[in-house]
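Submitted below is the structure of interest, expressed as structure tokens.
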Amino acid sequence: MADEALTSMPKVGRPRREKRDKPGPLDYMRRWPLQLMVGATLVFLYLPLITLMVFSFNTSRRNVVWQGFTTDWYVKAFNNDSLLQAFLNSLTIAFFCTIFSVILGVLAAVMLWRFRFPGKTAVEGSMALPIVVPEICLGVAMLVFFARVMPWPMGMPWPLNLGAIIIAHISFAFPFVATVVRARLSSFNRELEEAAKDLGASEWRTFWDVLVPHMQPGLIAGALLAFTLSLDDFVITFFTAGPDTITFPVKVYSMLRFSVTPEVNAASTVLIVVTVILTAIGLQVQNNLSKEKKA
Amino acid sequence: MTDAQTSAQARPTPHVKDNAIIRFENITKRFGKMVAVDNVTLNIQEGEFFALLGPSGCGKTTLLRMLAGFETPTEGRVLIDGKDVAALPPNKRPVNMVFQSYAVFPHMKVADNVGYGLKMDGVDGGEIKRRVEEALELVKLDGLGARMPDQLSGGQRQRVALARALVKRPRVLLLDEPLSALDAKLRDQMRSELTSLQEKVGITFIMVTHDQDEALAIATRCAVMHRGVLTQVATPADLYEFPNSRFVADFVGSVNMFEGVLEKDEQNEAQVRCKELSAPVYLDHGVTGARGSTVWVALRPEKIEMHKRAEGSTPMKMEDAPAGANVVPGIIRDIVYLGSETNFEVELEGGRRVKTFRSNLTRYDQEDFTWDEPVWLAWHACSPAVLLS
Amino acid sequence: MEQTWKQAKAAFAAIAVPPIAWLVLFFLVPMGVIWAYSFGENTGPITIDFTGTFANYARAVEPLYLQIFLKSLIVAGITTVLCLIIGFPVALAIAFASPRAKAWLLLLIMLPFWTNLLIRTFALIAVLREQGYVNFALEWLWNNASGFMTLIGLQPLGEYEPLTLLYNNTAVIIGLVYVHLPFMVLPLYSALDRMDRSLMEASLDLGAGHLRTILLVVVPLAAPGIASGILITFIPALGAYLTPDLLGGTDSQMIANVIERQFKRANDWPFGAALSFLLMYLTFIAIAAQAFIQRKSERRG
């Protein structure tokens, strides 16, 4: 009976949590080795970024040890004209790149989805090339192209001076948009189009009233992709940019080459926050769209 | 016949041993706030072909998956051969499953699929080959061992799944909606094959199905589940003839249900008055309910007789009921000819419509019932089932 | 069904001309020029003659450059294998998590993927350098261990020597894994998520443990996803420029860095062009291999 008394004693320590079932055999996420693995991976992915962001508020110049909170580096970064100019350039390039890439991408997707024509396989294959060709190859090709074949006029007013970079960015971004939109189109029920025509809609009206609404999630995803690809690109821009057309990544690169100050941390933090906000907006828009579709 | 009404006990089935091979003890399963299985206690005997029957989402599949080890109960115990299997992962349990989608490995040959379980148990190659051939023969797939699954029809793939599970000689074979993916013709054929297969191998089969015809046709015993609760466990005939609740009566087969008040309840007779029926319902047995309580009368369509009624005639009398009971007047409102039988919908006084069937015994009906014809509906004193819940 | 272009010539022209023209003018022409250059010779500081020579390619396969190609292949290969080893269990765990957790985990894996490559590399430098947090953590462990040794009466471990985690090949590989891990996890996840769960359950039911189920059922069935994960990790890793440039030492040059030097500093465009095309051919070989695996597994299932 002593045993029973012992086992029936109220358990001290761990508070009684809501009782959860034992994990089922395929609940891999509830097994500790995999939890550990996922946790370690997330730490690996995020620790550097979080450190970078935290130390953008550090008072120490040699950002190694935490010494105190300051926003000086942000003030500095915002007063650094060339950094601001680079940031503005990057956003402008990304903006134009997105618009043109979406237009060209949609046209390419509709063309490949809709029509049968001689040489289609060749066109399809060439469309996939910019996606798979290593960045460095595209970068040097653009360098040569704008140096020898079609030199971009020097001394153009802003933002026309960014033209070469914008063209280079569109060249690799629009095939991505085309891929995303085409994937979306493949789930289109062609009977919808026939139904619209049966009910008296013209070719053009059918396109706007039936096809475009169906493509919408693909358009948003494609636009977001084009924007981030452009904003993110370093290598291709590095080969196309001139002294007065520095983009943010190229600027950060040169700052890194000279000296690492927390100013770079501050500028990077701003860009990370911009990216996170953009992603959040994109996801939100997509969520809302899919909810509307369901409702 | 005294208390046959409320105690729909299972009748003994000859080849079933009295030995609970499976025992669910107070099993409850919650997914978040949703209760999938609610305090189920159930014994399944060795050698049975047991069916878990219920509408989709009633918890029957969850119960089966707990047996296989794919779900863990929130509360309660599952015993196989008297041993608690909570600690056993699926690969260590003496049960095997035939999945609804068959789950035949698409990247392995038929023979490799069937031999997979034996390989896992470390059986040597020659023995595997012999037993795989034997199992394929059992399910009539001999000679197809070298095929890939995508070269098989749906029915053949199911046989592979069957052979693959049976080859391991499990204590219990679990079948999850085994016939739902087959077309109608094949389903009928598979029904009888499953029955004879079970008799041949002598293994306990437990099947999950939402199709009451299937359960009645195949199983030796059925458990009806509704919203996670076990409503009735009985043989197919008892389930149909002696349902214990409105849900079971309605779910298994077709039924006319009337709400009424218990007027009389003696040892050998009882009477219920229903608002929708112009005559009282008389029964030749007691129902063990309180007098004056609300009860429900369930009348199967095939148990209702239909007779011609001349305008102004006196009600006919059923020989096993007092005058005026178990006979109501009505008018035929709808007729559906189905070949082997004809369905009628008869409108009673007060507007309630009642379903009844007539077998087409001859090639043309002598009585020639037609639309808007006045008729008598009548039933025997032993035909209605009185339900207390 | 698809329409033939003849049925609607005007519409086809309006739709097809802009993207095709753009692709030809701003992608195929630049590529073609580079290709032509790879058969050319430098005749002056900025003049190049197209002589049809193979000298540039001959130079590219000299031991010095062959070694760099080989090294790039090995580094990209190790990166891919590491990404697969880390990415597979992670993708497996995510694919089988609850729907809520799944959405969050996917977002967490994808977010760095949207973050600027340069910033991520820069962030990694701060963590890996001698005065960085990895070394701080190791030093702390070292000192504690040392203290523990003294406590139990052994010789202390001595001064902590910071590990050189930057500017070498290890740093390049860590950096490439860091940057490319999401590339691997996402296709693996989508392959595992699409997989019919009842096949895994059937395998468990038939007596296989988790490891054997994964090896015998999951991996063969997810092979196309695994192959595409390997491909989209391997290709950018092979052509990586920034990571070896920023994290590597003098001996960690990869092909992309050599190509860059030919164009920016050495000013030997024909040779750089030849190297570019060799890198591109390697990429195409990898794609062809992946397509082959894909076709084989499609024919099977």
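Labels for the chains are A, B and C, by order of writing; each one numbers its residues from 1.
Basically, a contact is a pair of C-beta atoms (placed from the backbone, for glycine too) under 8 Å apart; a residue touches a chain by one contact, two chains touch by 3 or more.
Remember, predicted model here, so these are calculated numbers, not experimental data.
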{"item": "Reference chain A; chain at largest CA-centroid distance", "value": "B"}
{"item": "Pair joined by more contacting C-beta pairs (A-B or A-C)", "value": "A-C"}
{"item": "Centre-to-centre distance between chain B and chain A (centres being mean Cα positions), rounded to whole Å", "value": "55"}
{"item": "Whole-Å separation of chain centres (CA-atom averages), chain A against chain C", "value": "17"}
{"item": "Shared-contact residues (touching 2 or more other chains) in chain A", "value": "25-26"}
{"item": "Shared interface positions of chain C, touching two or more other chains", "value": "201, 204"}
{"item": "Sites on chain B at which at least two other chains make contact", "value": "69-70, 89-90"}
{"item": "List of chain C residues in touch with chain A within their complex", "value": "1-5, 8, 11-12, 15-16, 18-20, 22-23, 26-31, 33-34, 37, 86, 89-90, 92-98, 101, 105, 107-112, 114-120, 122-127, 131-133, 178, 181-182, 197, 200-201, 204, 210, 235-236, 238-239, 241-242, 246, 255-256, 259-260, 263, 269, 272-273, 276-277, 279-280, 283-284, 287"}
{"item": "Sites on chain C touched by chain B in the complex", "value": "196, 198-199, 201-209, 212, 216-217, 220-221, 297, 300-301"}
{"item": "Complex contacts: residues of chain A adjacent to chain B", "value": "19, 21-26"}
{"item": "Residues on chain B engaged by chain C in the complex (per definition of touch)", "value": "68-70, 89-92, 95-97, 99-101, 103-107, 116-117, 120-121, 148, 150, 161, 164-165, 168"}
{"item": "Complex contact set, residues of chain B against chain A", "value": "29-30, 69-74, 86, 89-90"}
